[in-house]
Amino acid sequence: MISQLAIVLFDGFAFGMLLFVLSVGLSVTLGLMNFINLAHGAFGMLGGYVAVTAMRGLGWPFLAALPAAFLAAAGISVLLERTLFRRLYKSGELNQVLFTIGVVFVAAALATYAFGTVQQVIQLPAWLRGSVEVAGLRLGTYRIFIIAVALAITGLLVFGLERTRLGARIRAAVDNQRVAQGLGLDVEKIFAVTFALGSGLAGLGGALAIEIVGLDPSFGFHYLVYVLIVVSVGGLGSVAGSFFGAALLGICDVAGKYFVPEIGSFLIYLLLVAILFVRPLGLFGKR
Amino acid sequence: MTVEAPTLADPHDWLRRRSRWSVFEIAFWVASLLPFFLFQTYLPLASQIAITALFAVSVDLVLGYAGVVTLGHAMFFGLGAYSAGLISKAGWGEPLTGLIIAGLFAGLVGYIASFIIVRVQHLALIMITLGFCLLTYELANSMSWLTGGTDGLQGVETWPILGVFRFDLWGYAAYGYALAALFLGLVLSRRIVHSSFGLSLRGIRENVRRMPAIGSDYRGHLQKIYTISAVMAGCAGALLTQTTDTVSLDTLSFQRSADVVVMLVLGGTGRLYGAVVGTIIFMVARDQLSDMNPQYWYFWIGLLLMVVVLLMPRGILGSLAQLARRRD
Amino acid sequence: METQQPALRTEALCKSFGSLKVTRDVTFELPRGARYALIGPNGAGKTTLINLITGEMRPDSGRILLDGREVTQAPTMARVRQGLTRTFQINTLFPDLTPIEAVLLAICERDRAAGQFWRSLTSHRVAIDESFEILTRLRLAEVATRPTRTLPYGQQRLLEMALALATKPKVLLLDEPAAGVPKDESAALFSVIAALPGDIAVLFIEHDMDIVFSFASRIIVLVSGGVLLEAEPAVVRGDPRVREVYLGKVGHV
């Protein structure tokens, strides 16, 4: 029983880390521009399909497909940001919601057109398959890999935000845009870079997710709900918030579906409403 | 800018003109009778449109007038639909009382939910409305002993309206019933938006920060309109149950919440008839393109959404009104 | 006989943001019918003080009394209903409503008629007449039916005042009513303020010292969150400390 619990906790944490990679970019961009980008999940899907194409079509190794997914999502997102999204920063949240939902619809249709509605699979390299025994528990190797990647990203993000010049600028812009602008920072440019990085991470998350949750054209919608839960529960603009929000959601989701399958999916929504009721700005939100 | 109407004689008259029935409105209602005579084969579609339009008008009251962005209104539609179905399954198939009870039940849930809704804004608001909707969906899904789960609620029976008009296969009674409900809903909504309460709602939409500074209990107003809107959405759901004799889980789905917002924005928010026009265009187009793979249908909807948001933020009806004004 | 209470009284109001004290121990009284000015250099905490008095922020300590009744914990809306109204330094209007609608909205809220969804707006005849009367008084009658966002800035400032007047205030806090208005127009704006009914107590923030000295019967000088001096204009004008921290530096007068 204890070992079962430990396995569920581990799987939940791994799923949570996947959600973290998918959503942390949205949290930062939302905190920065207050731009509600429901198309964030679609960038995850894009990354997933890029990885599938790279591996199956071009025969790239898995470890080369991951950065390709990151770069493709980052590149296309910044293109969309510069041409379309930036027109909506000043308009109301309804317009942002509708426009980005429109993007998700179009993306899903394009994915169907190119790849059909079937679930995509990829062949992991041998060293990521199977499981290893740690302290008497059999843990999936790939899940350990995901956790390691997510922790590395967290480390990089925290280090980058705290120690680098770009990080300092992003933090200043998140805290107070007007002051940042007054200090001569080019907030638009900072945002474009952040947007690209955040969407790139979503793309990487999408590629990582194929093995765990699969990939089909509804990915953008399905995981959008998870991503939004992470962001709103964790609080906007907070890396730590997204980390804990994602871990909490991942564990609750997996544990709920494992121990109480009848109400498993019900549980996370209840959690969402309850947390937002008590803390409308999320667990780590400041404004 | 040119100065228009340099002196204003009578503010009463100006306000009265804003709430008067226009020629277009009357023409619209006359035209709404056409399916009875000209397009009988489309009667079932017409009643679907009337029901969805009522739902869209209920969303317009909170979203278009009070400015509360909701992605979860299907919750009330679905609650109304299931209530009406369950009342009928319990042995009471009288439609009018069933409709009223279903609407009141949805309104009660809306009233309770409104205490949470008025506490939050922005992303949290969108997420809470969405969360409620998903929650209700999962609840209905897991309570299959009551709701029939994914199979839906079968064997709903509805008695003749007023004991006279039997629901017929061609859909005459269904359309008449749905159209009458839409008409009543619109008359009521008109009354609301042209009242002092309606003015307060627009004030909330335009600048919620100013409202307390003029002594407004705006949260109370929001709770009131949210409840009214929930009743109306519940009635729309009940109409769907009573005219189709089944209830399916997708009455509660996120897709329905999103679709109705799309229709509303397409037609134009904050003008009641925008909701109706948007619904007609959306549903007729979907019917005409029903052979299309739903994925491709959403491609066009998505593209349309992007275009409407970027190029005609006031919706189709709003843009037409603007054109008409420019030509004056 | 009951002693006459001041229209507004604050007692030792304090407020900090983190380690920054923005309001320190502010105590003052605004008698009925007062015409007081609140002055001080930028960042002195003038707007914060108004936000505290109107309830948009909560003080860390201290009390606020309106007509002798404590309102320190009351929400903004309740204070407005008891006769404490403000205007905003940055226009806080309803862009898509017309002035007649905006003022009518404020009057309906005041009369507790705003929740009546069954009654047509046009049936509030007395309220409509009153709205139009207020707009006429502020010389906005001609633009009463134009959307607010299309009005020139100066008229929007007047509408800001019209909204406040529609609540029938006993205490009116004006946060730089003439902010951004050219000098000749701002005099006209202040003549409207001067013509307000004698029983309304007015506290206004203003940077133009000519206006302050000609309209205020008493001046409160706020420096880094605390009251430096409260006195008649002549005294303030002659006070060396005020000269140093405020007038001297900025170079007015």
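Letters A, B and C name the chains as they come in the text, with residue numbers starting at 1 for each one.
Assume a residue touches a chain if its C-beta (ideal position, glycine included) is under 8 Å from a C-beta of that chain, and two chains touch if they have at least 3 such contacts.
If you're wondering where the values come from, they're calculated on a predicted model, not measured in any experiment.
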| item | value |
| --- | --- |
| Category of the chain touch graph - line, ring, star, complete, other | line |
| Most widely separated chain from chain A, with each centre as the mean of CA atoms | C |
| Whole-Å gap separating chain A and chain C, where each centre is the average of the chain's CA atoms | 47 |
| Interchain centroid distance [CA atoms averaged], chain B/chain C, Å | 41 |
| Centre-of-Cα separation between chain B and chain A, whole angstrom | 33 |
| Residue numbers on chain B that touch chain C, as the complex places them | 1, 4-8, 11-12, 14-16, 19, 191-192, 194-200, 202-203, 205-207, 209-218, 220-221, 224, 228 |
| Interface residues, chain C side, partner chain B - complex | 54-56, 75-77, 80-81, 85-86, 88, 92-97, 100-102, 104-106, 108-110, 113-122, 124-125, 128, 131-132, 141-142, 144-146, 150, 163-164, 166-167 |
| Chain A-touching residues of chain B, taken from the complex the two chains share | 63, 69, 71, 116, 119-124, 126-128, 130-132, 134-135, 138-139, 142, 254, 258, 261-262, 265, 269, 293, 295-296, 298-299, 301-306, 308-310, 313 |
| Contact footprint of chain B on chain A as seen in their complex | 30, 34, 36, 84, 87-88, 91, 93-95, 97-99, 101-110, 112-113, 117, 217, 225, 228-229, 231-232, 236, 262-263, 265-266, 269-270, 272-273, 276-277, 280-282 |
